[in-house]
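Shared between the two complexes below is subunit A, which has subunit B as its partner in the first and subunit C in the second.
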Partner chain A sequence: MNKDIIRTSSRKGLLFGIVLIFLVLINFHIMASTMISKLLGTNVLRGAFPEVRFMIIFLVIYGLWAGWSAVSRENKTTTKLLEGLISGITTGIVIVLFGLILFFLLETQTDVRRYLTALSFVSINIFLLGLRGAGVPVLFGLFTLTGLLGGALAIGLRSKTVSNFKHSIKAFVSNVRQSITSALPEFVTKYGKYMIYLVLLALLLLLPSRWGSYNNFVFGMVGLYVILGIGLNIMLGLSGQFMIGIAALFAMGAYSVALLNSPFPHGLMWGFWPSLVVGVVMAVIGGLLLGLPIMRLRGDYLGIVTLGFGEIIRILLNSDLLTDLTGGPRGIQNIQQPTFLGRPFNDVSYAYLIIVAMAVSIFLYYRLEKSRTGRAWLSIKEDTLVARATGVDVQKYKLLALCIGAAFAGLAGGIFAARNQFTGPNDHTLMVSINVLSVVIVGGLNSIPGIILGSFALRGLPELLRELETYRLLVFGALLVFMMLVRPDGLWPSSRPNLEEKGSSDLKEDIDPDLEGRGND
Partner chain B sequence: MESKTKSPPKLTRRNYSKIIRPIFGILVLGYILWRLYEVLIVQQAYSIEIWLRLLIAGLIIGGVYALIAIGYTLVYGILFMINFAHGEVMMIGTFAGYFLFEVTKGINVASAGNPPLSFSDAYPLISVILAFIVGMTVAAAAGFFLEKIAYRPLRKAPRLIPLISAIGASFFLQNAAQLLFSPQVRDYTNPAAIARGSGWTLIINDSRVVITYTGVLTFVLSILLMIGLYLMVQKTKLGKAMRAVASDKNTAALMGIDVDAIVSRTFIISGALAGAAGVMWGLHNGLVHFFVGFLPGIKAFTAAVLGGIGNIPGAMLGGMFLGLVESLGPTALGISYQLKDVIAFVIMIVILIFRPSGILGEVLSEEKV
Partner chain C sequence: MTEIIIEAVKVSKFFGGLIAVNEVDLQISKGSIYSIIGPNGAGKTTLFNCISGFYTPEKGDILYYGTPIQGMPTDFIASQGISRTYQNVRLFGNLTAMENILIGLHTKLRSNWMDALIHSPRFVREDNWSMQEAVRLLDFVGLKGYGDFLASNLPYGLQRRLEIARALANNPRLLLLDEPTAGMNIQETTDLTQFIKRLRDELEITIILIEHDMKVVMGISDRISVLDYGIKIAEGNPKEIQANTRVIEAYLGPGGAALAEKYRSQRRKSHA
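Entry: the complex of A and B
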């Protein structure tokens, strides 16, 4: 019993220690203490280092967390405290070992930045709290103490009185809410949802002209990813075709608009609107050409083939072969700006254009989903054989899904190219396809609010959090894993229940629904 | 009455792909034959030693692809998921080998010669063996923790979920490497005895064809590792358990096999192979950076699919085939070397369209398929 406690909590402490070492090696501790110092009102100049006291705050928070998370739910109070203490001590030991190495590096003035790029002397010195060798025991004491305190904190906050207090607050809030809703006139409760929509709509219409061009840029990015996400969702969520090459279709739209609207390489000036239509049509043709030969493939094979298709398109665009036709690696510059009723576009009008495009896409998506076509797609996704048996023309509907999804991708691509006034092969890498896929999955398959939320979370937030610039892709990766572990259905799961999974969960747990639709043709 | 008149067009409608596929195939095949005819018979621009050089390069790169592809195929055969972060496991192996060579380069050995020899120059064999051991161990550990943290909790989830988790892990590892070791591209420091570019020289038609030591090392070692793996899967108890888990998890569990442990070991083995491939990549190509695993990873997955996923000899064959196509293809078809990846992907698409389960056929359990 006691051994068990020691083992689990020391393992927790070890984990926290190793993670902290990793954070120090990537200079995260400097960034965190800079943020803390900014929060507390002491500005740190760019490139400068924060004061040591903010480093201490960061370490104290980290140590409290280590102690907190080691505390189990069932045991007695003394055992809980012990757990926190052991976790703190283990973290402390790990950090002492690490600190000794750092101290050694500092004393001998060994510069290891050639290998570990973040480990500069200043950074080491701040981590050792500016005390050099004396910092090592201080760090040990700090982690032991904070581990104990974290344990105590966990006990305090999880105790009965606190949880009772929480419950009473919850009850109070729900009471208040109930009394408010009952007090409100009937039309508010009935149409309240629509009123919120109306407010949101008004905000959408007002904000682009108010909040500056950078926010418009970010907003446009989010909007384009929503359109792309809807396109992908039609292929993946509705008709169950695993597509990783959506960047190729995106590129078709973008290059159509770019080529038909720029002085170089062809000198065509068709204007934005006709070329946008051409872009959508080109993307549909691309989807058709891609779809026709590969209809027979299933699951992951479809994914890998579409991935290959996307890469082929990108490499072709990047190669010398098509330089005369598509501008090669340099891409296409100076794309002519669209005009609407004789007025040229600026960032605000692009925001409105993207809002309109988004609204049209969402409307079309809902109509499609509820239609006969949408039901046919869902039936194909759930079980291809049954769908075929009930008279659904599987190939036709699969192709249709690819083409319609491609149309959305082409639309987004066309707007993207015109808005940036530039497009090149690097705008259409595999990363675009993977980002769209992540947007759809993280947001929630078959859920429009989910896709909007997902594209805001994955595309909008990283742009807005430029502070964290160096770490944003790292955090993005960690978040993707974390999301899948914690909320596999996405941020805003679709309300339509997944019949297949519920029905079959007892009998055939590890059989995947997607795979059973094999044996096409 | 009406239904009778309607039935013939319905039949033709279903056959889109049945018509399109042969047309597509004939077009591609015709193009390849035409280009081969142009280059090999009409132009005859390339002499035998050029082909030999390309063949050697293809075999070497093919061996590396095959090793990585085996990792994909093992994991896919058991868990039915694309381990998207496998390329990053290889990257970790490459870095581990790089650091080992840096360390051994830094240690000076007492020697009679005037400039003191470094350990790696004095004992090249030991340091290469050490590098492979360290690279494989570190990459195996990476594979083990990857599975434990990012995939194991998702064992029962629909298959897209672990894929996204794998993509996230791949991002994380790439960026962690970038932040730890900086984005700069580094040179691999080979021991002097097997410096890059040095090797046996053949004289063919008065021109030199160099068979590099690193190339031979890569090729021979990859073949040995593949044979070892094949024997392990076929002959040992662990291999038997792996095959049992791959064909039916539930029954395997009933037979007393610890499924979780076997999955863990599969990841360790595939990680070790990827680590070996990574060290080879570093030794032979000489560059190491945080993005080094990405493209080989994708290509190796292509190779695994080519050979038939879940099929270990298939992965070996697919890797070799892809390496050769990539190396010989651009010259044989007389197109720009920039397009070698296009050739590789087109061949993959063509093979999948006509033989959707790969060259040797996939080996997956009945239940899963």
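Entry: the complex of A and C
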């Protein structure tokens, strides 16, 4: 029993110690303390190092976390404290060993930056709390103490009184909410949802002209990914086809608009709007051509083939073979800008265009999903064989899903090319397909709010995280892992509609006698 | 003579060297309840799969109202009014009960994706009708109030009923039930037996039944066929099948008929 406690909690401590070593090796501790320092109001200039006290705050938080996470659901308080303490001591021991190595490097003035670019002497010294050799025992003491404190904290915050307190707060909030909703006049409760939409709409209308072109750029990217996500969701979420080559369909739309609207290589100037339609049609044709040969494939095999399709398109665009036709690796520059009612487009009008395209896509998606077609797609995803035996023409509906999904991708591609005034093979890499796939899966399959949230999280957040500079992708990855642990079904999982009431309501006069007759032929 | 709804003429199905169904002849008259029984692995489900179009028989014909349907696409066969259920319940588990039935109504509706996009009059009409039809079917199989449950969350007995409701949504003339009472208790089995009778009597659906529960089979069947190793070894009404020596031996092994006779006479003595 006692041995078990020691083993599990020392393992936790070991884990935390090793992770901290890695973080220090990539200089993450400096970044974290810089962030803390900024949060507490002491600005750190670019390239400068934060003060040691912020480093201490970072380490204390880390140590508390190590102690906290080691605490099990054990009943006895002393055991819990012991677990925190052991975890802290283990972390401390690991860090002492590491600290000794760092101290040795510092003493002998060995420069390891050739191998670990970030690990400078200053950064080592800050990690040793500016105390050089004396920092090592101090660090040990710090982790032991914080481990113990973390354990105590866990006991305090997980205890019954606290959870009771939480419950009473929750009950109070729901009570207040209930009394407010009951006090409100009926039309507010009935149309409150629409009012929120109205506010959202007003925000969407006002913001693009206010918040500057950089935000418009980020927002536009998010919007285009929402449209792409909806397209992919029709293929993946509704009809269950594992499609990884959506970048190819995106490219069809983008290149159609680009080629029909630029001085080079063809000198065609069709204007944006007709070429956008052409782009959508081209994407649909692409989806159809892709779909015909792969209809019999399923699951991973389908994924591999569509991935190959995406790469083939990109490589073709990149090759010398098609340079005369598509501009080759240099892409297509100087794409003519669209006009609307005689006025040329700027970043704000693009934001509005994307909002409209997004709204139309969402509207069309909902109409499709709640129809005979949408349900046929869902049945194919759930069980293809049974869907067939229920009378669904599986081939036809799978192809239809690919084509309609491709139309959305083509739409997004066309707007994308015009907005950037440039498109080239590098805009349509495998990463685009994978990003769209992650948007849909992280957000939640078959859930429009999920796809929007996912787009913001995956496309918007990395832009906003630019503050973190080189650690952007690290933090981003950590967020993704965390999210997958906490919300494995996506940020906003889909829910099935409630239909029974709809069918039970009395609509007898609407029934077509023809249809009713079909019931007993 | 009553009309023949479906007829199998010397149907054979092979899996590599294995003869799953060997020259089986069946004639099923309209409005009857026809049972196919036999030991495990006798080829009953394979025969079902041939009828519903999952498999194409290597030899022989399957005639539906006199027209050959073997080798036709499964969805076409379904649209002609042949519905089925499965040995292991195969519902669309992540969808609600209502949605399952609505998918069953697929062949009864005509609106396509463009109707859905513009909400054409046809779409609106069919949407209203299909919702009401689905609720009616829920009610008919005794699932009222369960419409918005996920199919996989329903208790097992109700899942079986939902599967039948989905099959009925197709408005079938021929219903293939593959072991509908498997895993049910006595009460549920009795209810389901009554329910199957109702389907035949009220909706005039012809029913082919694969079943292991002999009480059910003998209680509701008009005719019974017995398969063993893919060969039809007997056909007749329940009385004839019970007395058939080959059938008893198929179930109990060689010499089984004598054993069964001995058992019966012992029972008679002890009752007397």
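One rule holds in what follows: the second predicted complex is superposed on the first by the 490 of 521 C-alpha atoms of A that agree within 3 Å, B and C clash if a C-alpha of one lies under 4 Å from a C-alpha of the other, contacts with A are read in each partner's own complex, and residues count from 1 in each chain.
Here is the rule we go by: a contact is a pair of C-beta atoms (placed from the backbone, for glycine too) under 8 Å apart; a residue touches a chain by one contact, two chains touch by 3 or more.
Note that the coordinates shown come from a computational prediction; the quantities given were computed from them, not determined experimentally.
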item	value
Contacts of A:Thr373 with subunit B and subunit C, given as first, second, both or neither	second
Partner chain(s) touched by A:Ile434 [first = subunit B, second = subunit C, both, neither]	first
Touched partner set for A:Asp393, first subunit B, second subunit C, both or neither	both
Contacts of A:Ile404 with subunit B and subunit C, given as first, second, both or neither	second
Comparing the two partners subunit B and subunit C, which touches a greater set of residues in subunit A	B
Which of subunit B and subunit C A:Glu382 touches, first, second, both or neither	second
Which superposed partner A:Ile448 touches (first subunit B, second subunit C, both, neither)	neither
Which superposed partner A:Ile315 touches (first subunit B, second subunit C, both, neither)	first
Touched partner set for A:Leu364, first subunit B, second subunit C, both or neither	second
Shared subunit A contacts, counted only where both subunit B and subunit C touch the same residue	393, 510-512, 515, 518, 521
List of subunit A residues in touch with subunit C within their complex	364, 367-368, 370-376, 378-379, 382-383, 385-394, 400, 404, 496-500, 502-504, 507, 510-512, 515-516, 518-521
Residue ranges of subunit A in contact with subunit B within the complex	22, 25-27, 115-118, 236, 242, 292-301, 303-305, 307-309, 311-312, 315-316, 318-321, 393, 395-396, 399, 430, 434, 437-438, 441-442, 445, 470-471, 473-474, 476-485, 488, 501, 508-515, 518, 521
Footprint of subunit A on subunit C - complex, ascending	52-54, 73-75, 78-79, 83-84, 86, 90, 92-96, 98-99, 102-104, 106-109, 111-113, 115-117, 119, 123, 125-135, 138, 145, 147-148, 150, 166, 170-171
Touching residues (chain side subunit B, partner subunit A) in the complex	10, 13-14, 16-18, 20-21, 24, 76, 80, 82, 99, 102, 149-150, 153-162, 164-165, 167-176, 179-182, 184, 249-250, 298, 301-302, 305, 309, 335-336, 338-339, 341-342, 345-346, 348-349, 352-353, 356, 367-369
